[in-house]
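Read from first to last, the chains carry the letters A, B, C and D; within each, the first residue is number 1.
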Amino acid sequence: MLSIVITLLVLDLKPPPHEPGRLLPALIAQWPTYLAYVTSYLYIAVVWLNHKAAFQRIQSMTRGLHWANLLVLFTTALLPWPTSIVASALAEDNEFDARVAAGLYTLVGSMLCLSFLWFFHVVGRHPDLLRADVEKDYFPNERIRAVVGAVVYLVAGVTGVLWTPVAAMIMSLVVPVFYAITSHGYVTLPDAAKHVLSRRKDRPR
Amino acid sequence: MLSIVITLLVLDLKPPPHEPGRLLPALIAQWPTYLAYVTSYLYIAVVWLNHKAAFQRIQSMTRGLHWANLLVLFTTALLPWPTSIVASALAEDNEFDARVAAGLYTLVGSMLCLSFLWFFHVVGRHPDLLRADVEKDYFPNERIRAVVGAVVYLVAGVTGVLWTPVAAMIMSLVVPVFYAITSHGYVTLPDAAKHVLSRRKDRPR
Amino acid sequence: MLSIVITLLVLDLKPPPHEPGRLLPALIAQWPTYLAYVTSYLYIAVVWLNHKAAFQRIQSMTRGLHWANLLVLFTTALLPWPTSIVASALAEDNEFDARVAAGLYTLVGSMLCLSFLWFFHVVGRHPDLLRADVEKDYFPNERIRAVVGAVVYLVAGVTGVLWTPVAAMIMSLVVPVFYAITSHGYVTLPDAAKHVLSRRKDRPR
Amino acid sequence: MLSIVITLLVLDLKPPPHEPGRLLPALIAQWPTYLAYVTSYLYIAVVWLNHKAAFQRIQSMTRGLHWANLLVLFTTALLPWPTSIVASALAEDNEFDARVAAGLYTLVGSMLCLSFLWFFHVVGRHPDLLRADVEKDYFPNERIRAVVGAVVYLVAGVTGVLWTPVAAMIMSLVVPVFYAITSHGYVTLPDAAKHVLSRRKDRPR
């Protein structure tokens, strides 16, 4: 499902309306769309990696975990919406609208972090759902990363609403970069688990 | 396929047309779209869980079951259509149109329940298609839930057409919540089956 | 991929533009869209079943078979395009345009049959690509069905262009119904293979 | 995910606006859209085959390889955007806009080749990530093909910007055809590996 969300983002990139012969400036004037697109693409890519990394460590599900997971997916599926709003608001160049749009984007962004926080919290309370070989501090660490993300989006939101929307979007770009750099991903498991996982991963998608 | 339907719903959330500086009220005026979006998202999420839960208990298929399944998928795939109609009709604020839209939405909603009823009926008549460890009353219970859903949508439809469309949409939100609460989901299987299933579920998506 | 194509069809169902209070007649006037939608949905559903049934009997691929398969997928992925053209042409109620649209629809429909014919032809020439337990006349029979489909679409096309587009669409609806009824599907395999296949099919998703 | 991108391409094929009775000439005037559609469809199909062929030879992932892979997917997911720009620019028949569009299309096309080059480079430096039975010169050869593609797109871009956009699109069509013809695909593995792979491939998609 995350692969579908990330692919649908491209539907926001459209040929810009323009006077004959003015395609180039029209394309350049669309820069807020590109900024929003790259920001959201990177965010969903990181969500995808983290989601996969989490489920490789989870062995069975409870109903609560199902709903936490569905909330993560709901918030991620929502992301193309504030993305297109922020893109069109920045392009229309009305300061007040751009502040509203940046506020909405960072709100959804931080909701996504909080839904991950809830997800990690549920997993953290049920260590019996995990594989035996998962490091003890894996999900507590994930919780910290989720909190950091939510805080950065909050700060970005306040910045965007009160001060400057473009700065809010650049701060929003920082979160997925931070997640990407600090990602446990597929690399920190003990060797035995790595072996098991690699056998899985080599399956062609 | 259900993951695609649920993701496509977001394509109905678009930047609202608005005067410069009036993005915020334009976003707020879109509340019927959000109500319709959340209602349909929840509905499809529940269909997805139930569909998965059913197929975890089914061991082989007949042609009849294939077609019942295709009807369930057809009706679910249709849902984004009445969703967008109800959203735009409520936003345009014409009472007569809103009644038509609510009638259409609840009609498709109850068709979805009835297609599940048929699906469960076919499965119920062919216990040989099931895994050996499935509880005897699982699919009969599912049938009851399908009937309850169809009846609630019918009542919601009559309410919406004759009385008030917003009440119909709120009643439509009740069905998936009811399904979510009463879901057998992944949790009520005997231990042996749980073990088998958990090995399946831990596969990364 | 076929699950994506079949789901994307719904994007053609949109709230019809209408005067306030005139939603109901506007919805009814959209009947050609519903006819086209159901026709294409059924067609892609049948393609999906047949495609799956074929690949359950195929054990390995050659490059030629890959390209034949890609052509089947290409033509299927194209189908939403003539579907929306025929829907809008019938709704606009211009006889000449409707004939062009029906001609285009049946052309793509018969191209899809012909691409299946090529696919079955390649498989038929390489019996070494098949599982040992596949009946000898399976793929030759499939070839006959593909030819029948191509001929019906051709007749429908001539009917639509020279005589009446609606009749062409109804004939186009006949092809998938014929395929559905004559489908080998999942049911005619020898018992041993059934056992193998059922273990596969019971996987959720 | 590549299956989604290739399917979304069809959303660019829409019923052309036209005077009553003028559907046929309007469809014919859309030829640049068909050329762009076929070019991009073929390109993504080839990317898909090559991507699958590469991952059948890769046994485990590093974080670097994950990011190289995400860049390949990012660039491929972007392709529908220049496709629709080039289609609408050629249809509008303004020479300057068409040159800009052809330049953008070939830029993204060559970025895709370069992202594959990076991907193959990372794999080439980590032979320990590969299956034991992969031929030594497989990934070095892939690198050469990636460079050839990037160069052809560069030449096509210069041709399109300075001389004629249609020639640039035809040259862009040459790259996927070249990739298709020279594809190692599924056929050149040693017999033992073939056996392993065929067991995988026969899984119904």
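Worth pointing out:
Basically, a contact is a pair of C-beta atoms (placed from the backbone, for glycine too) under 8 Å apart; a residue touches a chain by one contact, two chains touch by 3 or more.
Listed by chain with UniProt protein names: A, B, C, D = TMEM175 family protein.
These figures come from a predicted structure and were not determined experimentally.
Taking only C-alpha atoms, you rotate chain A by 90 degrees to land it on chain D; that is to the nearest 5.
For the self-contact between chain C and chain D, the two sides draw on mostly distinct residue numbers; the shared fraction is below half. One finds 26 Å separating the Cα centroids of chain C and chain D.
We define each chain's centre as the mean of its Cα atoms; on that basis chain A and chain C are separated by 37 Å. Across the assembly, chain A contributes 4, 8, 11 as residues in contact with two or more other chains. All chain pairs in contact, by the document's touch criterion: A-B, A-D, B-C, C-D. Within the complex formed with chain C, the chain B residues making contact are 1, 4-5, 8, 11, 52, 55-56, 58-63, 66-67, 70, 74, 77-78, 80-81, 84-85, 88-89, 92, 94, 96-97, 100-101, 104, 131, 200. Interface of chain C with chain B (complex): residues 3-4, 6-11, 13-15, 18, 20-24, 27, 41, 45, 49, 180, 183, 185-187, 194, 197-198, 201-205.
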